[in-house]
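Two complexes, one shared chain (subunit A), two partners (subunit B, subunit C).
Coming up: the complex of A and B.
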């Protein structure tokens, strides 16, 4: 008899190998920078895909959580001289609490209404970051001190790359575990039929809130790492456009696919860089690529490819 | 003692009354069928009992405890489960996973241990998978265990809903038109299955239009018309009830 539960360690190992081999091809700091940005986006997208792809709830405000994490690290280390790790944890806990308070009323909404509410949330966060000049430096942003860990100042491209790669791997591992557990099944059930899920004993509201908070905390942590890595934060990190970008990455890579989120994040981070040579036509080509994928690979890149390969094997 | 007792239950939507002043009781281990013309309030009654609607008036008691207005997931914890007239399959999962969701309340659903894939979660989940596979065998879907649910035929999906509901280990199972849209041989399988379920001491509350199934499996029948009780009794009593024949069954049924 076939095993009832299939392990998904193969994908995790492949990702690990890719992340280890990748730096061998990097020629300059710019390559590292693009890879690190991709990794940070991927961390946010893995969490966001748990919410969007698996649970079927939308959020157009996750850049807000990313920015809150970034600013928590910036403000606490710079203005109040917190240790970087402490600031990151406080940021994550604060974002967790905030998202919990907001999630309870918001996640009672469905479809367009939920999208509008999360959109509003992101915009409010963005406005606060712009307006609270004393604390955040306003629209000009603020510098962030380097990440020191028990006296060790993290610097250097390879070190940062290694840290982001480790956090990404860890995030992917957590997400894979979750998806294959009874909790993950309950989340997918909420997506499949909220009605049936609730009659099977799934407290649907609780699970929606749970995964909203978890994805917000992941975004916050990615934001904190970003702040220390880039050494500078500005309200642009929390802008509406960034939230849309995260959602696009999830959809492009593939809904309800952990590796899809990683691939989507990487492609949409790298693509604008590659298209820079098109100058004025950059946005048009960018849009055309997105439309092409959505028309010909509706389920997103990774699920479509997996489906295709399975078809070949048969 | 009654497993389920309905007391002067009423539900209206705006000015429209769907269920009115309805009272009945169901003993454990029986098959209780509800029949009546379309729009008689059968599905509304199911939605009231399974917690999807809150009653406007009256009350619902499970084990003589008032459960009216409790949300569905709390009712599931008290041993009430159901299937749906229009399929509510989780099409984003395999057949087995669908049934495993049914086992949710008996699974280890702690968040952090799940996140870190602690061995306890894996062990409990393996038991869930085995139990779910058992339930699929029970309803005759043993061949479909690893099939994606969106690749299954309609008749199998109807039984998948029943397997999923059974996986929650209910004491009271509500089946909303389990034979609708099935061919005669599939319908017979469903009738056999319902009898099996009742023999295993699970009380079945059935809404069904296929009268062959209803006559075959029911210990007790309630006839609804316009949200009210038209008649109640055994199959024999219902078949010879003039009011029921007039409103629902038609003349031919009496001569059968």
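Coming up: the complex of A and C.
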């Protein structure tokens, strides 16, 4: 296969071109906003997709990690006068440790147990954010200062867009390399048959934990960026429904497809904006998409399309 | 002092019985199909909302309740046929996602059919509390406890003394062997979903006069019922009731003695602790990976 057709080179290159060309079509701040939100969701979904698509585990609590990152940035910069970068790193490290502590014992169990544990963790995080009013501002949320980097205050839509695009590209690059590395092959073996993989000497447990922690840290970083970009955080970011949204994006785009995660995130961020006048039906559409994709297009949008195009060529 | 303790215990047992009933629904479906039905809470919601809406049409209460249970049972039946059946051979993760989709879909549908307001179902036999050593016992609490007790008894009879019940049990032990002796396992699956929906609806109707009913009521009730099922050991019906009581009582005492702000977190802290230290729950059987 020509190198350009490989996802690691061609795919990444196309994504880069799309991200560069896209701003030419933006007419107003609203367009930028939707693009930035899509990008942030995509960062979370790329990580989550590694977990769901490549290890066959599911997390129903990733919004909790996203919110923890957002609040780490908000609280540390606002209440304790940390530098923005420092706050972001502390948030990411804390989320990494938390997810490691949870994942290590629980990933030993089967199938839906991780779903339950992450679900519980996500809800506990969201309850804490709502209740600790002195620290987090409670249900009303709290404002976040702008992101300053060695005296440079990041502001302006194009700048934020550029930063999110760069982080997204880096995340995708990292994920693509991870999938093509021995770790990725081990992960696919875990997905196929965990027992067989471990019989062949794959340390399945270690890889699953690694991916879980990686995806949680990505969510936390996306949360930090979101907090500084929007200038405001509220416990709504960590709600159970947000976690479900992330899972929906991954499933719609295509499990085990890195670009699928990006596409799924973009579609499900833009769709509610288009359906704004049908706000009452938003939930139904969401649910129907989840069920429909899983039943009729089990592999999701991007893999199904790729399969279809390959079929046409032959 | 003692009156407080008794009061917390009563409210704990009351909500615990509800969690137990919801957990029972999880267990029935899990046994028949190894599916965790995340739409279980929506059955609870539909039961409550439908009885409120039948009642407002002027239908007498007992009939409204029966109708609500019937409607919910049909929803459960339809869920199995349209969403679970076509995806029978999908992975666990994809079945989880389907039921989550179903739950969001049903919630969205309910918001369109009914509304987003809170509704009140009148208590079955008045609101005059019974005094008990200084604590107040709502008559509805007795309905909840009694109702849960009767249902457990009926289920026990059903599973142990009826052909259909035994067929469901057989399917849960070994679907292939069940099919070999002539049990229509697809039918069993549909019946399990219908049965579980009915259980959810009854829980929703019993609790509606105590806690108001609204289209999002099923989210927390469903998740806590799920905690109950795990604490008791997934797939063990009596365990689900015990787990429900444990979660309910722990919640009531936390609210009473520690902090009512973190009441809702109790069930989820318990679930994580159980998963960390006692993964098969209190009464569950250990899972063994077969090749």
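Criterion: the second predicted complex is superposed on the first by the 287 of 314 C-alpha atoms of A that agree within 3 Å, B and C clash if a C-alpha of one lies under 4 Å from a C-alpha of the other, contacts with A are read in each partner's own complex, and residues count from 1 in each chain.
Methods note: a contact is a pair of C-beta atoms (placed from the backbone, for glycine too) under 8 Å apart; a residue touches a chain by one contact, two chains touch by 3 or more.
Note that the structure is predicted; figures quoted are calculated from it, not measured.
Student: In the superposed arrangement, does A:34 touch subunit B (first), subunit C (second), both or neither?
Tutor: neither
Student: Let me test your reading of the model: by the given contact rule, A:298 touches which partner, first (subunit B), second (subunit C), both or neither?
Tutor: After superposing on A, A:298 lies in contact with subunit C but is clear of subunit B.
Student: Counting residues of subunit A touched by each partner, does subunit B or subunit C come out ahead?
Tutor: The partner that reaches more residues of subunit A in the superposed model: C.
Student: Under the stated touch criterion, which partner chain does A:115 make contact with: subunit B (first), subunit C (second), both, or neither?
Tutor: second
Student: Name the contact category of A:94: first (subunit B only), second (subunit C only), both, or neither.
Tutor: The answer is neither, since A:94 touches no partner chain.
Student: Is A:281 contacted by the first partner subunit B, the second partner subunit C, both or neither?
Tutor: Only subunit C; A:281 stays clear of subunit B.
Student: Which holds for A:83: it touches subunit B only (first), subunit C only (second), both, or neither?
Tutor: neither
Student: Counting only touches as set out at the top, which of subunit B and subunit C does A:270 meet: first, second, both, neither?
Tutor: neither
Student: Quick check for you: in the superposed arrangement, does A:195 touch first (subunit B), second (subunit C), both or neither?
Tutor: A:195 contacts both subunit B and subunit C.
Student: Of the partners subunit B and subunit C, which touch A:184 in the superposed model: first, second, both, neither?
Tutor: First partner only.
Student: Subunit A residues touched by both subunit B and subunit C?
Tutor: In subunit A, residues 195 are touched by subunit B and also by subunit C.
Student: Of all residues in subunit A, which touch subunit C in the complex?
Tutor: Interface residues on subunit A, with respect to subunit C: 52, 56-58, 60, 102, 105-106, 109-113, 115-117, 119-121, 123-124, 127-128, 131, 194-195, 240, 244, 247-248, 251, 280-292, 294-295, 298.
Student: Show which residues of subunit A lie in contact with subunit B when the two form their complex.
Tutor: Residues 2, 4-5, 174, 177-178, 180-186, 188-189, 191-193, 195-204, 210, 256 of subunit A touch subunit B in their complex.
Student: What part of subunit C is in contact with subunit A in the complex they form?
Tutor: 36, 83, 86-87, 90-94, 96-98, 100-109, 111-112, 219, 223, 226-227, 230, 261-262, 264-265, 267-269, 271-272, 275-276, 279, 287, 289, 291
Student: Could you pull out which subunit B residues touch subunit A in their complex?
Tutor: 50-52, 71-73, 75-77, 81-82, 84, 88-93, 96-97, 100-102, 104-105, 107-111, 114-117, 121-122, 124-126, 128-130, 133, 145-146, 164-165, 168
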